[in-house]
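Lettered A, B, C and D in written order, each chain numbered from 1.
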Amino acid sequence: GGAKEAGTSGGKLKVALLLSGPANDQGWNAVAYAGLQEAQQKFNIETAYSENVGIADGEAAFRDYAAQGYGLVIGHGFQFGEPAVRISSQFPNTKFMAIESNTYSKNAASYVMACEEAGYLMGMLAGSMSKSGVIGIVGGFEQPSIVKVLEAYKLGAKSVNPSIKVLEAYVSSFTDVALGKEAALSMADQGADVLSHCANQAGTGVIKAAEERGLLSTGDSYDQNSIAPNTVMASTIYSVPALVLTAVEKVLGNTYEGGVFNLGMKDGVVDISGYNSFEAKIPQTVKDAIAAKRNEILGGSFKVPLIETRSK
Amino acid sequence: MPTLRMSKIDKQFFGKMANEQVDFTLEQGEIHALLGENGAGKTTLMNILYGIYQADSGCIELDGKPVSIKSPKDAIALQIGMVHQHFTLVPTLTVRQNITLGLKSKGYPFVNAKELDRSIRTLSERYNLTVDPAALVGSLSVGQQQRVEIMKVLYRNARLIILDEPTAVLTPQEVESLFIVLRRLREEGHSVIIITHHIDEVLAITDRVTVLRAARNAGHVVTRETSEEELSSLMIGRKLQKIERKPLPFSFASKGLQLDSIQSKNGPLGPLSLSIPAGSIVGIAGVDGNGQKALAEVIMGIRDIESGTITLDGKPLQHLSVKERKALGIGYISDDRLKDGLVLDMDVRDNFLLSSYDKREYTSHALIDTKRVQQATEQAVFLYAIKTASLSTPVRYLSGGNQQKLIVARELGDQPKVVVACQPTRGLDIGSTEEVHSILLDLRSQGCSVLLISSDLDEILTLSDKIAVIYQGTIMDVLDHDKVDMTHLGLLMAGSKTRRSV
Amino acid sequence: MELVVLSSFLAATVRMAAPIALAALGETISEKAGVSNIGVEAIMLSGAYFSFWAMFQSGNVYVAVFAGILGGAGTSLIHAFLSLRCKADQTIAGLALNFLFLGLTSFLFLMQFGKTTTLPSITVLKPVALPLLSNIPIIGEALFAQDPFVYVLYLMVILLMVFFYKTEWGVILHAVGEAPRAADTAGIKVHAVRYLACTANGVLGGLGGAYLTLVKLGFFQENLTGGKGYIALVAVILGRRNPLGVLIAALVIGSAEALQIRLQTLGSTIPSQAFSMLPYVVTVLVLMLSMGKGHNPAALGLPYERDKR
Amino acid sequence: MAEVLVRATPLMLAALGVSVGFRTGFLNIGAEGQLYLGAISITWLGMTFPTLPAPLMLVLSLVLGFLSGGLWALIPGLLKAKFGLSEVINTIMLNYIAINLVGILVRTSLKDPTYPYPMSPMLPASTNFLQLLSPTRLHAGLLLALVCAALVYLLMFQTTLGFCMRAVGLNARACQCSGIAVSKYVIISSLISGGLSGLAGVSEIAGLHHRLIEGISPSYGYLAIIVSLLGRNNPVGIVFASLGIAALQVGSMSMQRSSGVPTSIASIIMGLVVIMILSRKSLFRCKEA
């Protein structure tokens, strides 16, 4: 049990973040961590976070933070949805949030990012830039939040080049960089000349492989151009900061409520990065097509299909 | 000035004195016997000399100079060599590799096998110790391994040689040739300490004798001036009775154990037939390594057979498991107590239980009746005079002789119908040997069939009703106790069937 | 085209196998001496972290390799100290090290490089094609157009074969692992030999770890070995503690890994886990096919105490 | 505090299993995999027969969990007993295979069809263990573990079966000579060893997660080896060792939450404490000798 009294301490809102991996994983968790930092600066709140919180520990972590008087506890990943809901009834004064889940209660909400929207655009970019007609993408685990990106990527690529061949592999790891790299290399061996990923740490191996072979690549989660400036053309951007900011704002304004919220490009949560050094190397027509599609998505006239199980 | 003087040596283990104020001196060029009952502290004293143990107090002088021996390496540097009671060989290495282990020979670190083999052969010819340098030590019989141990010491130019019960595992012929080696060494100026439980050997080869009893000095005599009686009373504090094997006045109805054309599976035995009637002891005489152990293992079911039958009272045994055979009342004393007989890290009680764990008297509904086991063990320890700190002492810490007595107590204590005894008194002191012998004779008079395998020919001749000679896995002949002609026996053991006079 | 695929498959096999083989060779030496260290994972992590750190600071490959070796050896010596001096259970000591170094390397990395979203990275070693050898069709490219570490691996296998089977040192190592008492009574310093063997284990394991950062990835990340240390243990047993055998075992495991990735990219809707478990299934199958009792050193994992009987 | 007990539960069960194996000379590094097999079995049971009454469900889930963990361990057990294959390799390999198997199952036959995520549906309430100290997560799995500890103690030290298993672990050759069928006991031991780890998996699902999902075991199987050896392969020792290790883990995690130290500290402390115990224990032993 513990203090049921929660919310603010000394007037300051306390926000905690649970991460399933390390905070410096160059991907999924890193952006969430960055979001927390940003919220802290912007709102004058107190923050804390836990790394490497496994399924077995999720509930204990939620409980711990709630009992310590945290007003908002965020679980960054679908697996946190269940425990958040379970704990939420015991701590009615604390708000809970799970990202990419689909369960909710009175004071626990689920925020889902429409990552597929950015994935689709990356597919268009990769498909347009491929000379060989073969591109590849490496996924981390085969789970909906990843599958939806890969599927959209395939659709995006096909939309610009219907005959393109998209190689895909799930390495069953977000951390095995070597495996990610090897998967990318094997795609390169099969003729792929643009290599993409949606695999956190393991994905950095994909970028490194592309760099080593002198191929092109796209990044994921944040602008990954800095990893390999001459290789990464553009990256998907999942603006967890925006998500966190939204939630914190709602808690402060006492408007936080349970439910499943889908946030995408038009909410400023999902986007793609700029082209950095590739600005000049990518044909204007390609950039225009992508920008046009992005506008359609923003305007709601095009909806990227949400496919959460792997298709052939 | 003696070449070695150990004075006032104290050593205790777990609060129990193994050596207490022990003095020991050795003259240059003598063969010196160290005698004592099992557990008297002989091995401990020698291990201190060889640097395996450190004495709690006392000092060691070599040629008048005090020395500190912190490890076997120090001992080897001081030209001390030791052949241990339990071999210290690497079974997965060859004879050559064992003999030259850790030495820097020509071409070091690379091994020049040919050169080493040659020098080993030279040495083995000089002392008449035949070994095959390329053989794997693990595949050798115990006797052959002993030879390797001695070669190891000689190869290192030891001038002070300790032999801890070297004859326990040798055949009479081998003992004889070992003695030739020892005399040769003495002539060359080496000094030898030999531990043995055979008083006849002491009288035959040594110059002086030191006796230990219960961790202390018990006497010091010159061999020429002593007698068997004096030595045995110094050792065990009483006179030894000579065991007599009397013919039984009656015969038994039971047929006993029969082996018929046994052929062991890809092994050294067969075809072999042998009968051990109830109420008799059949001794197996033979040169070590002729399938004696295989014979024992085949009877026990530890080794598989290809063909043939084994029957007890007419009932076939060959398809039964080891456990079923033991349940029928077959007791087994293996010649390798450390590997085959005991679980060293279990205590005395558990080891006693090892072959009777499922007997009804010790169990109820799969649960062990701890009290009964405790009682039975206590009784056995008392009856067989096993020296142990407590029943919950791991048997690892018992002296070799006491370990053996524990096995005897376990295997023979429960009125067996058949006893397969492999080297049952190996390493036992004279007192205990006498006890085991009388136990075997008692069993015989109760109608037990006893198969006695021993490299100690005297033991076989004293105890056996019939003596079967084994050679290369087959029985050459079976001789009656009172019709044994030693020359003939020797010839049979060497594989010759030519009959001379009977 | 077909041949190119085969050749690149072989090359990937060698790349996958190299770190495992290096660490497994080290563990082989250690186990031959009777010390079983299941902390290979810790040794590799330490080698990976310290070589990366040194490379980042100095930019000099030799310094980096040296640092990796030191890191690995240091780790292994902790294990040696615990198991030889303290007579601790070698399995627990190894497992404890795995936990310790998983945390320690990640902690040091965090302290050193802070929490950044930019990845601190170094340039990786480039493959060097050996003249002539690399021109052999198919295997030339795969085996002899590799990075220097792979050549070190080949060299180590040859050296260890000579060391184990042609020198007195090999006999000593064998004796110490098989019958330490026999070795001791023959005047060999059992503990000294074991410490040396553990050091060698650390050196090779450290190299295996350094391979991951200096050759394969060019950066460090928490838990970057991801279980390779355990796989190295498997290669040791599968290879029967024979250097050539260990190399072959590592190659078999490596090829299964390279194969499963290639199978996945062919595209099918079978869950990817079905492919991911391929290397492990292959290992079990290979073990079953290569049946026959593998002989463990008799004193493996047992502390040696001279005055214990 | 309750959280310590929650965490100690699977550690205790798996470590008991590990200890039974170790005592018999069956070096079971595969508790992790066997735990997952137990978890799979109760999930399958709950999904296939959702209407069974709770008492029956309890009995069936324990039996099935024990059997599936046990059979998983029996594979390396048989391979060792019959063909002398290294159980160390095989159990490690089976860990990876089991983890992947869970991955496949939660995406295929055990997947919740109404839910895109790779997890099984919520299991019927009849599979749930009793909650002990609501609102804490403490559940009857702890009692199960304690009962198992007592049973293992009885088994190993009071029964002939346990006697034979211990003897086989210490000197197989002597056992063979004494008529103890070595391979039989290795096989039995692997079955019991895996079975107890399987129960750990059942307990995690029935007591905590109530559905199958990847990653329910944060290395419990490997930690169990440490627990078992620290507890000197003795059930009483294991109970205390598992509480100690669990306290260490829970403590360092909540330390992270309250004072913000990185999690890596948890595994550093974990490693250091074990190393310190190892070196202290030996100092103590040196004095004793």
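By our rule, a contact is a pair of C-beta atoms (placed from the backbone, for glycine too) under 8 Å apart; a residue touches a chain by one contact, two chains touch by 3 or more.
All figures in this text were calculated on a predicted structure; none of them were measured in a lab.
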| item | value |
| --- | --- |
| Of B-C and A-C, pair with higher C-beta contact tally | A-C |
| Averaged-CA centre spacing for the pair chain C and chain A, given as whole angstrom | 35 |
| Distance between chain centroids, defined by C-alpha means - chain B, chain C (Å) | 46 |
| Centre distance in Å when chain B and chain D are each reduced to the mean of their C-alpha atoms | 46 |
| Cα-centroid distance, chain C relative to chain D, in whole angstrom | 28 |
| Chain C residues counted as touching two or more neighbouring chains | 106, 110, 222, 271-273, 276, 307-308 |
| Chain D, residues touching no fewer than two other chains | 100, 103, 107, 262-263 |
| For chain A, residues contacting two or more additional chains | 22, 142, 172 |
| Inter-chain touch pairs (all) | A-C, A-D, B-C, B-D, C-D |
| Complex interface listing, chain B residues touching chain D | 300, 302, 321-327, 332, 334, 339-346, 350, 353-355, 357-358, 363, 366-368, 370 |
| In the complex with chain A, residue positions of chain C that touch it | 4-5, 8-9, 12, 15-16, 106, 109-110, 115-119, 121, 124, 212, 216-219, 221-224, 226, 257-258, 261-262, 264-265, 267-269, 271-273, 276 |
| Chain A residues touching chain D - in the complex, by the definition given at the top | 1, 16, 22, 48-52, 54-57, 59-61, 64-65, 68, 78-79, 82, 90, 101-102, 141-144, 172, 308-309 |
| Touching residues on chain D, where the partner in the complex is chain B | 154, 158-161, 163-164, 166-167, 170-171, 173-181 |
| In the complex with chain C, residue positions of chain A that touch it | 22-26, 30-31, 33-34, 136, 139, 142, 167-173, 175-179, 181-183, 185-187, 189-190, 201, 204-205, 208, 212, 222, 226-227, 310-312 |
